[in-house]
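Chain nomenclature is as follows: A, B, C, D and E, assigned in order of appearance, with residue numbering initiated at 1 for each chain independently.
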Amino acid sequence: MPLDHVVFWVFAPISVGSAIAMLFQRNAVHAALFLIVNFFTIAVFYLVLGASFLFAVQIIVYAGAIMVLFLFVIMLLGVDREETLIERLRGQRTLAIVLGTGIALELFFAIRAGVGFATKAPANFDEVVNEGGNAVALSEVLFRDYFFPFEVTSVLLIVAAVAVMVLAARERRAVTRAEQAASPARQPERVP
Amino acid sequence: MRTPISYFLVVSAMLFAIGTVGVLVRKNALVVFMSIELQLNAVNLAFVSFSRMHGNLNGQVLAFFSMVVAAAEVVVGLAIIVTVYRRRRSASVDDVSVLRG
Amino acid sequence: MLDAVWVIPALPLAGAVANLFLGRRLGTKAGWLGTAAVGAAFAVTVAVLLDLLALAGPERQHIVDLYEWIAAGDFRVQVSFLVDPLSMTMAMVVTGVGALIHLYAVGYMEHDPRVGRFFAYFNLFVAFMLVLVLADNYLLLYVGWEGVGLCSYLLIGFWFERPAAASAAKKAFVTTRIGDAAMLLGIVLVFVHFGSLEFGPVLGWGTSPSTVTGAGPSEGAATAIALLLLAGAVGKSAQLPLHVWLPDAMEGPTPVSALIHAATMVTAGVYLVVRSHALFEMSEVALTAVLVVGLLSAIYAALASIGQFDLKRALAYSTMSQIGFMFFAAGMGFYAGAMLLLVCHAFYKALLFLTSGNVMHGLDDEIDLRRMGGLKADMPVSATWFAIGALSLAGIPPLAGFFAKDHIVGFAYLSGRELAWVLASIGAFLSALYIARPLFLAFFGARRNPSHAHEAPWRMHAPLAVLAAGAVVSGLLLGFRAEGVLARFLEPALGLAEPGHADLSEAVLIAISIVLAVAAVGLAWFVWASGRVDWEAFPERQPELAGWLSNAFYLNAFYAWLVRAPGMGLGRGLRSVDDRIVDGAVNEVAEDVERASRLAPVLQSGFVRSYALAFLLGAVALLLFLGLRS
Amino acid sequence: MPWLTAVIFLPLIGVPVLLLWRGMTDAQARWLALVLMVADLIVAFGVLGAFDAALSGYQLVEQVDWVASVGLSYLVGIDGFSVWLVVLTAFMFPVGLIASWGTTHRVRAFMALSLLLETVVIGSFCALDLLLFFVFFEALLVPMFLIIGVWGSARRVYASLKFFLYTMLGSAFILVSTLYLWFQTSEQLGRGSFDIRQMEQLSLDVSVQRWLFVAFFVGFAVKVPIFPLHTWLPDAHTEAPTKGSIVLAALLLKAGPYGILRFNLDLFPEASKYFADAIGVLAVIGIVYGAVVAMMQSDVKRLVAYSSVSHMGFVILGIFTLTTEGMSGAVVQMVNHGLSTGLLFFAIGMLYERTHTREMGEMGGLARVTPWIAATFLVATLSSIGLPGLNNFVGEFLVILGAFGADRWLGALAVTGVVLGAVYMLWAYQRTFQGPSTERSRNLTDMLPREWAAVVPVVAAMLVIGVYPKVVLERVNPTTDGAVRWVDSVEIDQAGLPGGLRAEVQPEYRPPAGAVAASGAEEVAP
Amino acid sequence: MIRTPAVDVGPIVPELILVGVAVVVLLVGVIARRVEPLALLYGSLAGVAGAAAASITLWDWDGAPTVLAGTVAADRFGVVVRLIVLGSAAIGLIYGHHYFERSGEGRPELYALVLFATSGMTLIAVAADLILVFLALEILSLALYVLAGFSARLGSVEAAMKYFLLGAFSSAFFLFGVAMAYGATGSTRLVAISESLAGRTSGLALALTAMGLLAIGFAFKVSAVPFHMWTPDVYQGAPTAITAFMSAGTKVAAFAALMRVFNVTLQPLTWDWRPLVWVLAALSVIAGSVLAIAQTDIKRMLAYSSIAHAGFVLTGLTAAGETGISSALYYLIAYSLTILGAFGVVMLVSARGERRTSLASYTGLGRRSPVLAGLLTLFLLSLAGIPPTAGFIAKVGVFSAATEAGAWALALIGVIASVAAAFFYLRVIVLMFMREPEGEEETDETLVPKLVVGVAAASVLVLGVFPGLVLGFLDQAAVLRW
């Protein structure tokens, strides 16, 4: 039994399980923790697939920064508030699950038809593609083929920053002024 | 490695589906948002798997981009959620429904 | 001069226009203006007639084309007038009698505030009537035909404040319209079959370039055409079964009744039949129909007339009866006889109506025979006029009516129609009876009206005198014998009707009819004037019979029952269909759309997660669709 | 001299002035509008003068590329079908304006809309480019909608919306078919075009042709309106202000039959022939139905509205007799109906201004108080019941003649409409003007000078057409001859015949060659 | 050592200008706190103008069809779309300035964010690489999320949140689509993908899935049924000025990307995506037209109508290739002008804080403010597609394109639906002119925005009467170079 098989069969269940488990957590903190677990497993997959750089990024950026940010906000909004799992919208859950499985199946069949379960990846990935190390090779591609998108991401980040500035640093008075200006959302009336 | 690529793809598909379900069933905006993050990660996994399949690194680059996007989205998203929370004292997506019809 | 024939209708038309717009200012002078117009028309007619007589018999036919009226495809119709003995005869009657009645009306209407309008309409009527009789094609004839209908409508409803008058007017128009519609169809058929509407090509004298089917119509087609035209004639001439409007038409001023509903318009039907005799002769059925209609109407109307106590209604039915005789004659192919009766009838019936106008005048609009009587004391002159008219109608020789009617009745026998002859004789007897009745009721016997009647002014007697003269002599002059002056004059247009031979000699026939007439008058005197019969109690004693007579056998009520209720029902039905179903469907669709739009609040619940659900639903469906394609 | 452009756009000049010049007084607005309309009438007579009666083809054609890339062009021209409608439009608009002279509510806007309306109406009668026509045809809705909706009476909003949506729904089909035809032109003739002279050249599959015919027909049928698509009409007529009613009755209703004449017959001759009988039946139903329902109305405007349904039935019947007589009759009848119904609404408007009611029950005896109004109404009535000597008779007679040629029974049934017409119109006259006067109908003023000014020309026109219809007919006949021969030139495709409609469509009675040649129709598309 | 490719920035100068100006405005605004907002507005407008000028110069670009390592396409299509977007941006800026100065919530970031969003929109129009499409999409989305929540009103915030959650959700799908496309072909360059798909008969499963997922992403952005649910809420909740901007800009941008992706990348799959578009179009047209009838808030009503209009554009796109594209482009121009104008009027009528956006508040507007009422009428008629407005020509265009593509049934559906739609447009007109105003409510009669609306109205008319002015350019723009 080759190693990658073992790795896959060990981590795949964990990955999926943690994802599912996340759905059933009444407490947001727990959900976040399960998500982190899931991210770790994905990182492992990256490693198996020969994306060592992304493995690192996944752990540092995702599991690290992003999830911490999440947890921070959760704290901000109050750790102990437990979400009621009673569904107010009729049929929402069943439909959600049905459709969820539906999309899963559709993707599954697409993969089966498009890729098939026989195809093995080219063996010499690390030697040929990742020659000189994954990071270097990656940067090659990134700065040759995708340098413009890379530049564009900068704009994206600025926008994000500005967005946060706007949303977070909104002065109270603006809020209050907008308050008394605010109108009732809609008043029904008869029109011809 | 001998694990067929499609295994990973299937996993990513499952994660994606789970993410969608999460968006649909969870009321806490934060958890909903986490589910979306889960979807994005599923996509990333798909990217990486495909890149392995095609034997070029574009896929990994794309995954990298999507991480950037995810990060940016997280920042904005959390900010919005916080704003809503400030106004409503609740992070439940069901509580915000002034607009309807 | 012949080419100036168009002047004849033009003059009264001008008078009409003048009166219409200047009527207010002219006041009573309007009457004179109108009379002058018609008088002038009469003068011109005479002139034209003289020119016509100047021609030799066969050439007595002159067509005056004015201009092309309607033309589309290969349909062409001219505005053209025809001068021939027949049209001239009619024109003479119309203008002559018309002028007299106008003159009478001057006095009769002088106190009416709308005298101007009255004479406008009155002139207009004459104009249209002249168009009718002078027209050289069916469509132009139809113009006159409808025109006189319109004027009759206007004049019957002249006192429109009276609901009765208004309704009567409408009834008259609509009823005749039914006939007219049929007639229009007939005209269309004529064109379809002859490719022309001019009398020439259609009636077989002369030819027209635009004839499509030289062969002429089949028997069936001819029958159809003839019957349709007959329907028109029947409507206009108040024959069975379209007669119901005539009695009501008496709501109009008396001169109107005299001119339109006695002397001229109602005889237009006769004119039409006589004019298109060639068409009718193409089909046995049609001629017989004419005959039957005429005979039945004659007898029916005679009986009805006996039942009336309203003087004018009685006269109206008598008119109908007389015209019945004319149709009868025409139906036998005895056109000259019909025309003779038409002319004479114009005289004495106009005379009778106008005299009754005098009576009404005298008794301030009293019209009920039961409240007259013994009037000869108060208004001797009028009494004389009425007597002359009545006796003439009754057929007492040597008055006009005698000759006219006698020829017809006799012709029935001589042409071997015994049954018809018997019936006609009965009709003759009855007519003598019904016309003698008002004479005695009104002027003889006990006076039943307290108020003293006053005689009419001379101005109103002058025309009566002339008419009376006509009523006396016209028969002698024009129709002493069946092939009399008029007959021979009309020959080019109508040909001569030669009666077959029969076992009874003419003398006997004459004797019979004289006896009948005298007997009838005598009977009338006995019943209504001798005072020995309590005729006023008759209705009590014989309610049914009296009812049948006075209500003209309830035909009117029958029509009402037949038409009004179902018509109204249909109308209401369709209206509700229109509102509920046709329009309902439209509104229904609109409402359905709006109802559908009410889904919006349901779908747009405002919950993000249901939005996401919809999103996912779409996504899954979409991917499924594609998955199935691949 | 670009006659048509002039006659179309002359009224438009006033619109910006009226809309933008705030300080304008009502009187000025009225006079400005009137002057422009009268000027336009003069131009219209110029058009009449420039029109060559002998020709059957399009005349005074003007063509300017509008959107060259799709073959859309500003292409106007007239023939016997449209020339009189143009004149009629220019003629009836001033009349309508005078009818609503007394309006005091937003006069500037009213006048502006009226002028705009005149432009689009005339435009739709002149357009030879299918899309251009559609533009006018559709644009016509807006001003009418506003006129009804803003200046109308009680239920005006409902009426105006119904009018707009109903008609728009109808034209929806026209639009799609138009686009299909355009596509066909680009397929068959190489470059797409909306020019109907191009579209005539198309060779369309029989079934397609029939479908398109139906689509166009439905679109126009709503506008005519043909039973059972008529129910917007009574509401619109009734609620509209007098001017609105006049324009609606006299002109807008003509857009429908005109469209049928111009497009259905021209583009789908085979289908026209194929459907002729069915439509004839529909028309006759409309004639009788409209008359009967009219009889039951107590609101005089509604009554006239339904009478329009009946009369337009005659027009449609005439068209689909596919005989020169019938078609010419139909065209004349369009003009006649415009005049007589216009005059009727004018008279009713005069009454409404005075009595403030449309209920005949509340009027009565008016002939005593206002004899001249009564006379006006009576003349209009007589005209509309087809009294010979007045205009309508000419048209009706020709239509019946043609109908007889096509199918006896249709003709016979159509005639019943004449009788019924007499019944309801005279009854209306009686209820309104005769009998004892009611308290509403006391001391009213009779016709005013301005009203005289409007009535006299109309009556004169009616008399002229009635007595000397040649004026109209001789300009119409060549075109109708052309159209009839064009439709005759194709044979009905028996193969594609589903059951139901009777097989033989050839009318029994046809104009002989001589007659047609006489009225020389040169230009007939192959 | 990395071999960097030739960097030819020419074709992205407009974006560079936009971003640059945005940054400058941002810094100025943030650093110099007391800066006059009007100055910022002028600055931003100048930037937009510059970008417009730059893109016009690109009309005659004769360089390589794609630059920057094939991630950016330089063609006339891009130029036209850019111009439309920039036009909307300019109007949006003016509206925004006016709106937020009026409500006292004005902040320098506003201009920066609008400019960033604009840059995203313009970039998406020229993006020749799926990931770039995605990034641009995210840029404009993030900016718009914030702009939607720019006002502190509850509705505004809620709109932001709904928009954000669903937007993120949809972009996940879109991204998966990118992944699938990459999986199917091993590249994300539009051209490369289509080349590798061309002639391929089997193994299209991934490609089809990719197409589906991408379609979903776009459908969400253009708010086509059933991915439209966010639209009414967001349009209603967002500050009217922003609503105007995004209703025009986003649609244009998203449609531009959609056209490029479907007509270039998925061109080999045309026969598969045609029916897809057909269905989406039909659904959107019907649902949008019908559901709008029940609305009582004009912003919501316009939102639904914008859904219907998305359907109409899709109708045009059923005709693959040039006819479809040019008709769609014309429709987008007409639509943007009209909807911007309409929302402009709504903004002016609704006064401070969106107090009067209910239809009821339009009663008798024709009396209170004839000019605004008249303008709104014109826009509504254009939306209803009544000649002689641009809306009419636009509808004719898309319908004829559809008919040409054999989708005449769709055209029929569209035409009939537009009758239903006409009903609610007319209803507003009825309210404005056929009802008397109850109570004197003042309307915002500020000159500048009114002027802008007037210009929009004028161009709606001009384009309606002389569509030839632009059609020629559009036909050239419809040719996608690759």
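Miscellaneous remarks
Everything that follows uses one rule, which is that contacts are C-beta pairs under 8 Å (C-beta built on N, C-alpha and C of every residue); 3 or more make two chains touch, one makes a residue touch a chain.
As the structure is a prediction and not an experimental result, all values here were calculated from the model.
Here the chain-to-chain distance from chain B to chain E, counted in touching steps, is 1.
When the C-beta contacts at A-C and at A-B are tallied, the pair with the greater total is A-B.
One finds 28 Å separating the Cα centroids of chain A and chain E. For this pair, chain C with chain E, the centres built from the Cα atoms lie 79 Å apart. In terms of their C-alpha centroids, the spacing between chain B and chain D amounts to 65 Å. Work out the mean CA point of chain A and of chain D, and you get 68 Å between them.
Among all residues of chain B, those that touch two or more other chains are 9, 16, 19-20, 23-25, 27, 32-33, 49, 51, 53, 56, 58, 65, 69, 72-73, 76, 80-81, 83, 93-94, 96-101.
In chain D, the positions touching at least two other chains are 157, 161, 165. Of all residues in chain A, those that touch two or more other chains are 89, 92, 95-96, 99-100, 103, 106-107, 109-113, 115, 140, 145-146, 149, 153, 156, 159-160, 163, 167, 170, 185-186, 192.
Chain C makes touch with chain B in their complex at residues 600-601, 604-609, 612-613, 616.
Taken in their complex, chain B has these residues touching chain A: 1-11, 13-22, 24-28, 30-31, 33-35, 37-38, 41, 44-45, 48-49, 51-53, 55-58, 60-61, 63-65, 67-76, 78-83, 85, 91-92, 94, 98-99, 101.
Chain C contributes residues 590, 593-594, 596-601, 603-604, 606, 608, 610-612, 614-615, 617-619, 622-623, 625-627, 629-630 to its touches with chain E in the complex. Residues 67-75, 117, 139, 142-143, 146-147, 150, 153, 157, 160-161, 163, 166-167, 169-170, 173-174, 177-178, 181, 184-185, 188-189, 191-192, 212, 567, 570-572, 574-575, 578, 582-583, 586, 590 of chain C touch chain D in their complex.
On the side of chain A, the complex with chain E involves touching residues 106-107, 109-115, 139-140, 143-149, 152-153, 155-156, 158-160, 162-163, 165-167, 170, 174-175, 177-183, 185-189, 191-192.
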